[in-house]
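First chain A sits with chain B, and in the next complex the same chain sits with chain C.
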Partner chain A sequence: MPSIPSAEALSSWLSARIATYVQRKPDEIRADVPLAEYGLDSVYALTLAGDLEDHLGLSLDPTLMWDHPTIAGLTQALLQVLAGA
Partner chain B sequence: MTATTSPAVALDARLRQLDMGDGPFAPAKVAELDRKEAFPTDACSALDDFGLGAHYVPVKHGGRLERFPDLVALWRTVARRDLTAAIGHGKTFLGGACTWVEGNAKQAAALGEEIQQGARVSWGLTERHHGSDLLAGELSATRTSEGWRLDGEKWLINNATRGHLVSVLARTEPAGGPRGFSVFLVDKRTLPPGAFHCLPKERTHGIRGADISGIAFTGADVPDSALVGRQGGGIELVLKALQLTRTVAVAMSLGAGDHALRLTVDFAKAHQLYERRLVDLPRARRPLGQAATQLLLAEAVTCVGSRSLHALTNEASLTSALTKAFVPSAINDMIAQLADLMGARSFLSDVYAHGMFQKLERDHRIIAIFDGSTLVNRNAVINQFPVLVRAWRQERRDAEGLATATTLTAPLPEADLSRLALISLGGCSVVQGLPAALQRLQALEEGGGVPKHVAVLARALGTATAAVHERMAAHPPSPRDVPPEAFHLAEHYEACFAGAACLHLWLNHQARATGPLWSDALWLEACLVNVLSRLGVETAPDAADVFDRLAATVVDAPGLVSLLDDVRTEGAP
Partner chain C sequence: MMNPHSEETLEQHLGDPWDDTQPVGFSQVLAADERGELLDAGERLLDTFGLSAEFVPTSEGGRLAGLDRLIRLMRAVFRRDPCLGLGYGASSLIAAVNVWTAGTPDQRRTVADLLLRKRKLACGYYELAHGNDLARAEFEALPSSDGLRLNGTKQVISNIHRADAVVLFARTQPGTGSRNHSQVLVDLTRLPRERVTHLPRFRTVGMRGVPLGGVTFQDCPVPTEAILGASGQGLETAIKSFQVTRVALPGMFLGIVDTGLRTTIRTSLGRTVYGRAVTDLPQTRSVLADTFADLLLCDAFTTVAARGVHLLPREASVTTAAVKFLVPRVLMDAMGRLSTVLGARFYLREGDAAVFQKLMRDLQPAGFGHLARVAGQMTLLPQLPLLARRGWAKPTPAPAELFRLDAPLPALPFESLALSGGGQDGLMGSLRDGLESLGDASSGPLREVRQRMEAFASELESLRVAAAALPPRELTATASPESYDLTTRAITLQAASACFNVWRQQAGAPFLGDPAWLLAALHRLDVWRGRAQGPLPEAIRTRLFTELMARHEDVRAFDLSRSPLTGWRSSPAPDA
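Right after this comes the complex of A and B.
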């Protein structure tokens, strides 16, 4: 059973990951802006599920990124999945 | 399954009666229709009479499609006679694919019934100004009180005009995005006149008789029941359905490869140069062996790719992209090699075999383009580099699924299409299983079960594959503009996949397989030399001699050159 990180920790981890993908600084990635606006291709975004699997120790439907296209939305959705895991 | 019960063997027997005299598959007839740019109507009717359509419908929906490798064998059998007919008829499977993946039981049963009654189904994905960029599609579906209203155009659609039904990807959210599209199965026969019109047939370089056209909708009302899968789920659904169609579509390449090789060998046996047969000159043997190697590699990849749909279903996002990128390119190279050997005969349209060679060379070009081009498929692999690197380092693999995918006698489970996924979090078991396969090979080598020089080649593949993963790990993320080096790296990964597929297949059959291709691991050696050359790995100076040895078996083969028993027993030159 994975330990559940705080919303802040998860959100900043996501910002850091996405910043690496789009080659920007983490503080330039806002939580309420759709990731596509930073140049993250929607199919490429699916590979984030692999990073999350490693980080959180659970498998996810990769299209979670499509249903929750911002960091804020994704963080909430992940916390729900973690709470139910 | 024994050779006598295989549907492809039955189809081959039927087509052998139709490819002579004035039959619809006779080369003179096929050439005439191509010259006239006319659709091969009689050939497709013969395929309908055979009941080929039933093989496009999964068993659970009332049809006879049980194993995807059988569909590959069926299409290959048609394609080796006429690619235009194979593509013109086969489109119906592509048109139905979305319904097989996510249609409800009622929709699937109804479509299955239609197809078995002879209905033609088309697949409308691309648009005039957007090509492969599905998210840019403009054709829209808007909600009405009783269903949906379609407006807009799909272009370069195979069978858009001849088709009775068409699966359409439509924008259902004005803003678009990955959740902004949905798939509709539209029955053209139920639309009032004026709600749609078909666009003129485009003239093409190859498959000149095919119905490559388009369809434009103007306020076309369709019922709620036309929606396939979830509203907003269209992109996901199409990307999953493409995993099926991209894998089986390469059957067309295998058929073209069979045809090209047979035409060339027959020519080289009959043609005299310097008082010898062309086929006996070393200058001819080498390219024949090289070409046959490309065909065997393509066959091995297709075999593992199509079996993987059943055995490694959740890896199909990768296996389908790798198969569709590798096979048509390999067969394009093969055809070019054989064209050199044929000389003028590859170019003339009346002098030899009714110009079948130049026709298949033109026709085959479309296979690397349609249903996701080679570049689109390589991009799909590049997107998964991070996952592939992680899975390789963790030595992950689905050992049981891999064994089933690479053992022809292993019963295939039903393909559970609900397990298709847009990325493969477990990576690619075929490649990740390479280190374990090399250990098995080493044990065999110690007992004298494999020639030492072949084992050396296989180990070189292992080393090169590890190096490819290191380069993939060092590759910076490329979420939008993918640099050319990434495509080069994806091409190398394909070669690793092809080499690993060959090694697994060889290991799992070598103990019982007989025949000249299997003797001294001949085919494995030839395929490994080819793959290492793709990877830029230097081999011994005499390594290419294997192609001359392989050529001898190709020239003497009574039928087709194939690793698969089914194909081998089909006979027919």
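Right after this comes the complex of A and C.
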């Protein structure tokens, strides 16, 4: 069973990851801004889902990123998935 | 008694296309094309056969069970008249799969009923300004006080003027992101007329008989229940349902080149130049054998991908995108090459080879229609890193039934289609697995098969390394040509595995178990991607040409099935 990270750890992992995708600094990525605003289109969900699966050791539907398009929203959704895993 | 729904029955309904007195004979087909009309007699024959029921899953009361069967049936139509194939049939299928993928039980029942009554369903995705960039589609179906309001224009829609219903891709909420669009199932028979304007017909190069229209809605009310499935699911539904149609359509279009090849042989047999029949010229034989190999390559890849939608639905996003990129290009190149054998005759709109110029025009939409070939690459690109980390690093072979052409299939699992293959790739797994099972052969064709497949396996390894190193910015539409090229390599290896494993699983079959066709298909695959050029080796060329001429003589399909074309009699070749 995967260990559950804290919301804070998950959120900063996501910021760092998104920052590498869009080639910016992690502190420029805000948790409450839709990722599309940083130029991430729908296909980034596939990349992010794959990276998250490897990071968290579970299986995710990439549409989770579409349903929760901000880092804050996604963090909460992931914690729920982890709690139910 | 003959099965009333079989390919053979359909063949006999449609009759001999070389016979001028037949309702779907080429002379009638050509005359309708010159008039820019769908062949009415052909539509009535297809109504009698009940072709629309083939687009309705058996669970909804129709006859759609296997995608491979559907492709073979539709090929019988495409061999005679691609306009009928698309205008009578495939257009409704393209719309209906959205409903089977995302529709509620009520919506599925409505559409099943419509198709079983032999009515038409249109599909309105396209806005000329946005091409395949669906997320930017502007057509609106926004909520209002009493349901939804349709606003905007959809262009180049087959059958829109005569369909009972249309599936429209529409923005259902403003903003960015991927949950703002939905498919809306609109009953065209119950709209307020003053809110709907039909656009003039679009005139086209090929598929002239297919009525291509457009429609503008102005503040047109439709009920909220018109949304397919849940609101905002549109992009997801599109991505999933396209997986079914982007393998089915290229598979059907293959029938066009079957007739292109048949017409070329027929004309060449009766034509003498330089003192001998054109078919006796070594260069002609080489082109004909190449085309036959192209058809086998395309059919092996298409059939495996179509069976894969049933057996490995999660991976269908990868394999069907690969088919969409490879097959239309190979088919169009094959037609172009055949035209050189026909010489000036391919250019004539009359005479015994006149159907060729029509088929060549009708084939073109295979490349861009419904979805562009490049959209296939764009589907694969973001999946490459995960494939590299997972399926290509620790391969799992696909089940053998994937490659056994007569093995039964489970029902189409629309509910299991997914946005991405999650890095799994059974086709690549079977490439390595099959190679390991090949015995050691010190000489002959088997040794050559082994060498070819070893080369493909080592190419997979270098592809894996390159794909694993792709940075995220190289995974989207703005990626460099070098990154796009990696998808071409992946597609090539998938096609090679499909051919190789079809050959392995039909061991003992008189032609399909012979390594000659496999080596020919692999050579053509390398020609397609610019790694090889020139004719097939002589022994292989002769084997293929002999088989091709035997099939021509027996009036059999030039694909994997070798089916007898029971509607076509062996018409004598025309005089030179």
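Following the convention adopted for this analysis, the second predicted complex is superposed on the first by the 85 of 85 C-alpha atoms of A that agree within 3 Å, B and C clash if a C-alpha of one lies under 4 Å from a C-alpha of the other, contacts with A are read in each partner's own complex, and residues count from 1 in each chain.
The rule is simple: a residue touches a chain if its C-beta (ideal position, glycine included) is under 8 Å from a C-beta of that chain, and two chains touch if they have at least 3 such contacts.
Since we're looking at a predicted model, the values are computed, not measured.
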Chain B versus chain C as contact partner of A:37, first or second or both or neither: second
First (chain B), second (chain C), both or neither touched by A:49: both
Touching partner for A:59 - first (chain B), second (chain C), both, neither: both
Touching partner for A:67 - first (chain B), second (chain C), both, neither: both
Touching partner for A:23 - first (chain B), second (chain C), both, neither: both
Partner chain(s) touched by A:5 [first = chain B, second = chain C, both, neither]: neither
Set of chain A residues, in rising order, touched by both chain B and chain C: 20-23, 36, 41-47, 49-50, 53-54, 59, 61-63, 66-67, 69
Partner chain A, residues of chain B touching it in the complex: 135, 177-179, 235-236, 239, 380, 383-384, 386-387, 390, 421-423, 425, 476-480
Chain A - residues contacting chain C, complex: 20-23, 34, 36-37, 41-47, 49-50, 53-54, 59, 61-63, 66-67, 69
Interfacial residue positions of chain A with respect to chain B in the complex: 20-23, 36, 39-47, 49-51, 53-54, 59, 61-63, 66-67, 69
Residues on chain C engaged by chain A in the complex (per definition of touch): 135, 176-179, 235-236, 378, 381-383, 385-386, 389, 418-420, 422-423, 472-473, 475-477
